[in-house]
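Each of the next two complexes has chain A plus one more chain, namely chain B in the first and chain C in the second.
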Partner chain A sequence: MCNVEDQERNGSENLPVSSSGKSLTGSGCVKCGEPGVLVTRIHDSFCKSCFQVYVVHKFRSAIGKSKLIRDGETVLVAFSGGGNSSALLHLIQDGLSLRAHKRLRFTPTLLHIDESCISGVRSDELRQKREKIRQIMIKSGFPSYWTQLEQSLNIYPELSSKSMSKSKSSENPASPNSLWLTDLGQEPAPNQVPDDPPLEESRKLQDLIKSFKSSTAQEDFIHNLRNQLLVAAAQQLGFSKILTAESSTRLAVHILSDIAQGRGSQVSLDTGISDERNPGVMFMRPVRELNAKELAMYNSLFGVDTVFMPTLTTKTSIASSIERLTETFVTGLQADYPSTVSNIVRTSGKLGGPDVKRTDKCSFCQSPLDTDVGKTSALGAVLFSQHMSRPKMVDPKDNKERVSDGPVYSNGTHTPIASMPNLKEALCYGCRLSLHEFDGDTSMLPTLITKRAMWSIQERQKDELSGYLLEEDVEVNGVG
Partner chain B sequence: MDSNKFTSAGAAHQNTTRQSNVDLKLKLNKFKMLPVTVEFSGGAELLCGNVKKHDVDLPGQQNKWQIRNLLVWIKDNLIQERPELFLLGDTVRPGILVLINDADWELMGELDYELQEKDRIVFISTLHGG
Partner chain C sequence: MPRKCGNCTNNAVLKRPKTGDALCKDCFYWAFEEEIHQTIVDAGLFSPGDTVAIGASGGKDSTVLAHTMKVLNDRHDYGLKLILLSVDEGITGYRDDSLETVKRNQQQYDLPLTIVSYEELYGWTMDAIVEQIGLKNNCTFCGVFRRQALDRGAMKLGATKIVTGHNADDIAETVIMNVLRGDIARLRRCTAITTGADGYLPRCKPFKYAYEKEIVMYAYFKQLDYFSTECIYSPNAYRGYARTYIKDLEKIRPSAIIDIIHSGESLSVKKDVKMPQQTVCSVCKFVSSNEVCKACVLLEGLNKGRPRLGIGKTHKERRKWEEDLAEEASRLSLHNTAVSGSSDCGQGCARDEVNGCGSVFVGADEDDVNGDGRRNGCCGGTGSGGCGTTQRENRMPAQKVITARTTMRNLLDF
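For the complex of A and B:
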């Protein structure tokens, strides 16, 4: 693969047309010779119609090759209103329209997560943007749902199948697992601007996010929170697949920043065509073979409406977080070496993923735990030095007492509160690093994390206990 | 010699006045305002007071307006905060697309493109968070 590309590149460099950036001026489309409108890949110019064919092909082939979507399946499309997801929506609309050569065979439903609370301000401008996103969703004609990032605090996790069978008796039968999701098509007043999220919940979420000391950890936390909300919403609405619109540029950034943030074992899950780490719900990335420039050009050439929502790092310095710094690095390199992004993405495609069927998963991001490594590992060394530098904070006795209280909490009468060292036991290395930056109280964390962590710790204790108390297995189950 | 010189000088003088009139006209033409449309999107508009579309008259100047001059002018006149998020050195920050009349600027000569009247220059940020 690499060789082919090198040859291609060397070959094209020998041609007088594209020996330097400047001589591209006025060069025609590589397919049909018409005047080009953009340059993509390595110095290839395209005209508008050939570019459309190119983009549609990349999108269709990503869906076709993966063979993940069955005929007539309904899928949830995560629609933020930004450039990438707007392009994805347009491509889907185009693929479903009658003029498409081979019509797409799935039925999409849109879901928007309102994240305007992150910026901490409520303004008419944000309200207008929300309204515009709502209009775009309604205009698409697809069933559309609207929710708010605040809802992620209300996700009530379901017990995994393994623990479900064991502790069904103690499960609260009326688990309040319903998120606030507005069906935009069913709304009584179609002209109503989507409301601001409830003030109290917004505050709660803002406080939580602010409790993370670095914006790197904040971004990472929000990213995982959003994914979990998407999964929970998909489960509630009965979908098993979610389409997200990460471009290859975005994925290349994620690959490098994941590695920098201790998520090396999750790279292939985070950036592959599909991500099956969440039980029952699969993420798919159908535009992963198109880069940011191609998608932005597509929007511009075909008049696709996009709405820009400010994020955490908007207008901050280019080094404000690891992700932003990595993005600066990748886009800078891409400007001089147009094959940067595709090289990074293709290299990561060769990485094997962890076994997603494993039951020991991170209580937050649901990745298979990567922390079960020996004492002589890097992680072991980190833990040891943490233990040495703060001996008083980790009091094993205290922790054990708290955990043994665990089963009482699972009756649903109390909010489960785990101490931080315990909580971290149930998290993957990347989430541990993020939570290391967290200096708030563990009770501020979403129920989603604490509940799952408690369950996983109980599971582990049961397993440990059962090694000693084989005969009293029944009793252990009765407590759990 | 002298008279000759005088007459020729007179002729030269007449010539120069005619020439300078033409020059003046040319100069007036050359120094005419250049109306162009500059647009920002994808988050880049936030640096320009959150206004996406700017219809601007570029002041006349002796040399032709190139994109490289336009960038400086934008930095001085349109960008209100954090110019380093828009410009890097004398060009735009990588990750910001430049479209000249709906075509990629890489096909138009990038910084060397000479602006024409009523050109539409669009800057699209493809960066996450603008």
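For the complex of A and C:
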């Protein structure tokens, strides 16, 4: 896809030519016959207004088809400032404006998670970018909130429904305080650059991320951490839906890298129109039927401001992480076979998800556990291979390693579950893989994970002992 | 200082790609073989008294498979009768050489060997097919024909099971490829350790969880006699992209291969997604997803000088064919235009248009220029939905005895 006008403005003699060899400037819009300004798909050109109709239709039909948003509902929109979420914001603004043919029926609130600490530097450039994002959010006129990825270390998990019914304690344990969400207010205050995240917290998070040995595990960990923070913010602010702006290209990459990281059972949750694995909060992906180029084109044609924030693997080699490799793979294939992205996304559309109402969920990503597999399984085969190639008698060296693997949980409760092997029991296959590459102390991990793991193990123990325990130990290690 | 074997006191000679553990030769052999044994026992692949045909190409996987099967059959008393079965695709400079290896293996392992060839089964060698179709899509022919060739060979030998040397890398690759191609039915099947159970010869993959690297290591240290050249006709296969991706993934995280298999095993398909039903091919009576199996469609295309018939969308190629025939017919003024080429066919096919079928059949011509072309011309058998009935109503009884048919008859008789 390319913008025809770009070429003309440059005064280039070479007119853009489609793959079929015919000149594109001459070809009219496939809808109305007006001169086309851009080419989508293979060689269909669109004029500007028909392209807008096309994009808006894809966005609205995704919302409409799903029938998930009720009239007048308020939703939280995750806004990173990047191309996709900027386009989503613009589409929402446009759909709510008076000139829209049928106005959208929901009310958005924006939330930005500042992830600048991942890069490990604090620079004026980053501060300027932050300020620009803040300005865009305020200018939108929607209520806007700001938080930092560091806060994910402090959030407390909601009690699982099972323990909630037993202990009718605090109504909302997810809120020790609400200081971690900053209301940006309505008035644009030009010189108020958002603060750098608190230094100590940033260090803590950076150390934690660095304790994962590979970029693959780091990216996977950050991804899940971000999602959990979004969920916590939505719960805190009383939202039941979060809109995120993954394009189809992004989703295609996600589908393949999910599969490559053992998250096959989660593909449909991770990439479908909605994701209900987190209790009470649903993720929705309303621009999933538009690809990255269409959204970028939309931004460029309609002058949408975007802010580029570098990620962990920006400007690294293609082999630096599975996600980075997959991105290169998909975009490369897409260039040769233009149906690649839609093929992949369509495949995932036919996949069913696990039952999200199950109680045995991963303590981190909240997906139903996929580790209860039969004897003939990949997991079983790996365990057997390990059994075959490791000594039957534990030698002193190996034993020592195992001890350092599992220190006693640091906050004084002498529960054995914070040791790594126990923790892994409460995680799904994919999260286990990431944690496998973690060589830090388990006390560095976010409370969220360790708390949930603790509960899940207690639940399991309780189930095993049911009938022998007398009703009294409910509150033993409940809320920390 | 040399690293010690994790299992005994010898020096380690290798690091296992699968688990990262260092092992000495003997411990590695033992671990590798016992893991295969474990897979066979856990999945209940064989029962005593089975006659097992080992698909042998002469390559590393099948050579190691033949060796391991023999070792395990003796060690654990499976009570199996093992036979080697090779398929000769007729690829000069590749298969003829690798078959020499299989013949040597036959003597080394003292197992009976049978070779079936494409030429005797289909009347075409791969060399001749590539001459027709070129170096693109040729792997489709080879793959489809081989599947059936193995089945036919095994039946002839009275085998009750077929084992193939597909390893973990192959399966991971297939998972990725089926995602890329959007083939949900195969995506669901491809991680199964045994396929084709009901009524047909079950095929098993005992190496499903064995890394290709470990198989190569095993063959290397055991100094097994195998043939290691890439097929001369395969460089353009789409599979190559998936293969490169898998290899790159393995470099980043060695466990990725087994992780992909785990993903494949834990995928579930939505209940409302329509799955193609497995039936029996109406021509050759072999298992098929369509009325007529892919092998028969491909073969028909070859025999009629339309090699692209079974590649991509069959109905498109059929339409082109019909148009060509129509043109010829009108040029010779034998008939009035037989095929209009427009999309209204007046026989209910308009309904098919809605389903994206786009067939342009005219059923009026009594001479039936389409011959067998009629039988799945409507939607190319790709199951685009909703046109099955129409297709059947439109189908005319095939009247002509065509070459493809005779060939198929001949080969059914064996």
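Please note the rule applied: the second predicted complex is superposed on the first by the 387 of 480 C-alpha atoms of A that agree within 3 Å, B and C clash if a C-alpha of one lies under 4 Å from a C-alpha of the other, contacts with A are read in each partner's own complex, and residues count from 1 in each chain.
The rule we apply is simple: contacts are C-beta pairs under 8 Å (C-beta built on N, C-alpha and C of every residue); 3 or more make two chains touch, one makes a residue touch a chain.
As the structure is a computational prediction, the values presented were derived from the model and not from experiment.
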Combined model on chain A: chain C and chain B, fit or clash: fit
Touched partner set for A:296, first chain B, second chain C, both or neither: first
Which of chain B and chain C A:322 touches, first, second, both or neither: second
Contacts of A:375 with chain B and chain C, given as first, second, both or neither: second
Partner chain(s) touched by A:420 [first = chain B, second = chain C, both, neither]: neither
Touching partner for A:335 - first (chain B), second (chain C), both, neither: first
Touching partner for A:255 - first (chain B), second (chain C), both, neither: second
Where chain B and chain C come nearest after superposition, their Cα distance in Å: 16
Touching both chain C and chain B, counted on chain A across the two superposed complexes: none
Residues of chain A touching chain C in the complex: 214, 216, 255-256, 258-265, 267-268, 319, 321-322, 325-326, 329, 333, 340, 343-344, 346-348, 350-354, 370, 373, 375-382, 384-386, 388-391, 429, 433
List of chain C residues in touch with chain A within their complex: 6-7, 16, 18-19, 21, 23, 27-28, 30-31, 34-35, 38-39, 42-43, 175-176, 178-184, 187, 193, 208-209, 241, 245, 248-249, 251-253, 255-256, 258-271, 273
Residue numbers on chain B that touch chain A, as the complex places them: 41-43, 45-47, 50, 81-82, 84-85, 94-95, 97, 99, 102-104, 106-110, 112, 122, 124, 126-130
Chain B partner contacts - residues on chain A that touch it in the complex: 21-22, 24-27, 36-39, 45, 83, 125, 249-250, 253, 292-293, 295-297, 300-301, 306, 308, 310-316, 318, 323-324, 327-328, 331-332, 334-335
